[in-house]
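Following this line, the structures themselves.
Heads up, the next two complexes both have subunit A, just with different partners, subunit B and then subunit C.
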Partner chain A sequence: MFDEFNIRHAQERGFALLLRASLFTCGAILFFLLGSIVVKGIGALSLEFLFMPAKDFGRSGGIFYQIFGSLMMVTAAAAIVLPLALGTALFQISYNSRPEVKYLLEQSLYALNAIPSITYGIFGLIVFVNVLNTGISWFVGSIILAIMILPTATLSTYQAMSAIPKIYHENAAALGLNKSQIIRRVTLPQSFHGLVTGLLIGLARAIGETAPIMFIATAFSGVTVPQSLVEPVSTLPTHILELAQQSTDPQALQNAWGASLVLVILVAGFSGLALFFRSRLISAGHK
Partner chain B sequence: MFGGKLSLVSNKPSLGAEVYAIRMEGFSAYYGENCIVSDITLNLPNKGVTSLVGPSGTGKSTILRWLNRINEETEHASFSGDIDVLGRDVMSGYPDVTELRRRVGMVFQQPCVFPGSIYDNMLIGLRSRKLSKADAKSVIAESLKSASLWDEVSHRLSEPAAALSLGQQQRLCLARALVLEPEVLLLDEPTASIDPVSSRAIEDLVISLGRRMAIVMVTHNIGQAKRISDHVIFLCDGKIVEQGSRAHMFSMCSSEKTRTYITEEFCDC
Partner chain C sequence: MNIANRQTYRRTTNFSGTKIYCLASAAISVTIVCTILVTLLVQSGPVLFTENAGLIGTKWNPSDGQFGILPMLFGSIFVMLIAVTIAFPLGLMAAVYIAETRSSKLRRALKSVLEILAGIPSIVYGLIGVAYLNIWIADLFDLQSGRIILTAGILLGIMILPTFLTLTEDAISAVPVKFRENAKSLGLYRHEVFFSIILPKAKSGIAGAGLLALGRALGETMAVMLVIGSLDRLPSPLFNPLSSGQTITSKLGREVTESAFGSPHFSALVFMGLLLVLITILLTIVSRLMFKQEDRHV
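And then the complex of A and B:
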């Protein structure tokens, strides 16, 4: 009896130790990664670095147009993806009455979510640049980023909508509300947090991507603010890639770390915003 | 058999005049292949409280949920037979289901308030009536008074409805249904999840509403059915065992099953 107790106690302690070790490993990797970027990149950060254009292929000057290009592309991607994600999720919840089609669409979204980002880049290159002859265009890049984050935003919205108890829909229907009124008054107020969260998490992923846009939307140097939809931009990830290729030059390497730190701050900013809006909108949706 | 889809083509005449609020003839309801209730025939007058009593899973709520076609929202739900509501066939007589649902209000077992203020909750169904702001305010106040809630919320209509107690929320649900001025009110165990004091307030309310409209209520509480019903229908195993006035059902019921259920709240069918 006593032995059995001791064995069970030891098992529990061993299990807890294993969990702590997992947590410590994850934390250590994150700490080491972020710590390296902060320690090596902080030296490059200055107002001049943030607000001046790059000079001498990035070896001097700043990263203003790269930050601008990245934000412009993800803003356009957000504008494209928002109505599409909302429409698809609403269709799944309110209009798709066939379970097999519902299942197929949901699984397709999960599958799309797992596609490597370079595949989107190749797709954009073939369809837009080669077939439609758009040339290198920041807007095409935004379309590709939108396609890439569409599954994340749609699934997050769909999951938030699915989580609304059926009783809300029934109560609204029992009050004589039709489908579109139920969507406006019940479904959207209680699921908007899902859309915003999915969108921001998608954007956090998109802003750090290089592969989907490097063939179709970006130029490595000499670009400023595009004057039309079919001009290239420079983005932070492509700029970091270019600087990393000149890593034998200490100044280029220092600027690569600095740009990486800015990129990490932007990604963390989107993730933080997602958490903030999620908690605010969830509590607003239930008040 | 009717499924979730509306059948608009029907030349079938109405079963009766509006002296009956609800008439059912040969009604059977199904979820997929499973028959939940079978061959139900009943006539419910256009005033008074009718209680559907019986053990769990016997199809009481299913009957209720077809009277305003809310079961159309449920996958694989269907029915056969005839249902007339307020003199019109429930399917072909109401091509716009929202008209049926505005005339036949419903309150569910769980209080369910929508996000927003108490006033927003009252307004949600009222928008279809296209009233002026002043008229809407007056109708809302009247409905809250009818639901015995006005004194408790009149000074805080802009506060979140979710902040109300469960009993108050259920009365808000009742007021929200009454604001549409329904001719029939369906109550699916409206006091099952609230405290005894709120429960008694709702019972009083149901009795007074029953004087001016038809109320069909599902309840497991035999004492409650005895206190507030004008008519009682006892269902068991998806069939009506016995129906009649309150006096008949509680004093001189003819079925042994009914007597056992009424006295012991137990049924072996």
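And then the complex of A and C:
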């Protein structure tokens, strides 16, 4: 009796120790990751680095046009995906009454979410660059990024729309509004936060992606502001990729860390904004 | 027609502009998925109809017309297994700690850190792999170069850890408190509560999290491409993590721009991409089924 108690007690101590050790290991890894990005990155950051064009194949100079290119591409992607995500979510909520159509749409979106990012790049290369013959174009990159963030934006909008209390619709219908009027007066204003949150989460993901755009939208050096839709830009992720491949050169590595820190800050900025909108959404829903 | 009449007309009409717009958006969303799959399938055609392409072989040599995809397929699975061996036990145990200590402050703080980490772009992980990990591994095993399968596996394990950890923690936290209270009042120790009460309840949720993480690990490109060494041969002996290798994604990242559009070479690459897409979609479907089962359980 006493012995059994001791064994169980020892097991308990071992289990607790194992849990602590795992958490500590995870914590150490995470601390190391964030720490190395911040410490190494801050060493490279300066005003010149942020506002000068890259020189000498990225080894010196700054990353101004890379930041510009990244922001431009994701902004265009957001503008492309916005009407599509809104329409798809509205269709699910307001017009679709058949469960099998709903199922098909949901599964398509989940499949889209599951597709590895590099295959989006290959898809873009085949359809746009080769078949439609656009050449390397930043706008094609934006279209591909828009397809990538479509599931996130749509599902978030859909969730916000289905969280609207049914009584709102019933009241609006009782007042004699027809379907499009209810959508305009009730559904859209009440679910606006969901759309913004979804878009921002999507943008946070899109701005860090390298694989989908590296074949179809970017060039490494000598790129400034594109004059048309079918010109390449330079972006932060592809810039880091090129610099990481010259990792034996300390100067290139230093600039890669600087660009990484800027990229992580941009991603965190978009995610932070998304959190802000999500909390507003939740508090608005409780009223 | 006066204004009042027109209003009535617009109210009763079935095909309003809004409806057409919504229908069109939904149709486009579904079409995109189909287009991607069909495009990949059509472009895989040339190599599937090329004789003696040796697709299910171990030799990749485009100039000889040999496109054996086995080394890449094996590399992908091997790297994924290493990543999973690292991430799953570590993530599960840490998730248990976070969920069972029930300190909501610690939980919220950790969750937000994990969300930041899950958002770090993969290229930044690649940079960390190039700058630190591959040098440490080379020193540790006394190798010429640290760009080997093991390095890619470890890096990938670190990458999927945050995703797996938060999802697992969600699954464990979803088990109602009353189960724990009852078990504890019966005099069970914490490990007994976990293994005999919580784990059976949360297992489909944990499995779902695992499958989702597997899918992410298989599809990851940038970090793997930078540290795996890009060698298109099966390692010898087969399960030697210290040799360089190649995964499907790293192969695609390196070679797609070097191959001519429409050639068997390009088509073999697209075929590998198609395989990858099918595997990851399958994993997602199964993991969604798991999460649904979890909802029913709890």
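Note that in this section the second predicted complex is superposed on the first by the 248 of 287 C-alpha atoms of A that agree within 3 Å, B and C clash if a C-alpha of one lies under 4 Å from a C-alpha of the other, contacts with A are read in each partner's own complex, and residues count from 1 in each chain.
As a working rule, a contact is a pair of C-beta atoms (placed from the backbone, for glycine too) under 8 Å apart; a residue touches a chain by one contact, two chains touch by 3 or more.
Here the structure is a predicted model, which means the values were calculated and not measured.
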Fit or clash - subunit C, subunit B, common subunit A: fit
Partner chain(s) touched by A:Pro237 [first = subunit B, second = subunit C, both, neither]: second
First, second, both or neither for A:Ser46, with subunit B first and subunit C second: neither
Subunit B or subunit C, by number of subunit A residues touched: C
Touched partner set for A:Ser279, first subunit B, second subunit C, both or neither: neither
First, second, both or neither for A:Gln190, with subunit B first and subunit C second: first
Which of subunit B and subunit C A:Thr75 touches, first, second, both or neither: neither
Partner chain in contact with A:Tyr95 - subunit B first, subunit C second, else both or neither: second
First, second, both or neither for A:Asn178, with subunit B first and subunit C second: both
Touched partner set for A:His169, first subunit B, second subunit C, both or neither: first
Which superposed partner A:Thr224 touches (first subunit B, second subunit C, both, neither): neither
After superposition on chain A, the shortest CA separation from subunit B to subunit C (Å): 5
Footprint overlap on subunit A, where subunit B in one structure and subunit C in the other make contact: 178
Residue ranges of subunit A in contact with subunit B within the complex: 97, 99, 165-178, 181, 185-186, 189-190, 284-287
Of subunit A, residues touching subunit C in the complex: 8-9, 11-12, 14-16, 18-23, 25-26, 29-30, 33-34, 36-37, 40, 83-88, 90-92, 94-96, 104-105, 107-123, 125-127, 130, 147, 150, 154, 178-180, 183-184, 204-205, 207-211, 214-215, 237, 240-241, 244-245, 247, 253, 256-257, 260, 263-264, 267-268, 271
Residues of subunit B defined as touching subunit A within the complex: 4, 68, 70, 73, 75, 98-99, 101-102, 105-106, 108, 110, 112, 114-116, 124-125, 127-128, 160, 162, 173, 176-177, 180
Residues on subunit C engaged by subunit A in the complex (per definition of touch): 10-11, 16-19, 21-26, 28-30, 32-36, 39-40, 43, 89-94, 96-98, 100, 113-117, 119-128, 130-132, 158, 161-162, 165, 189-192, 194, 215, 218-222, 226, 249, 252-253, 256-257, 261-262, 269-270, 273-274, 276-277, 280-281, 283-285, 288
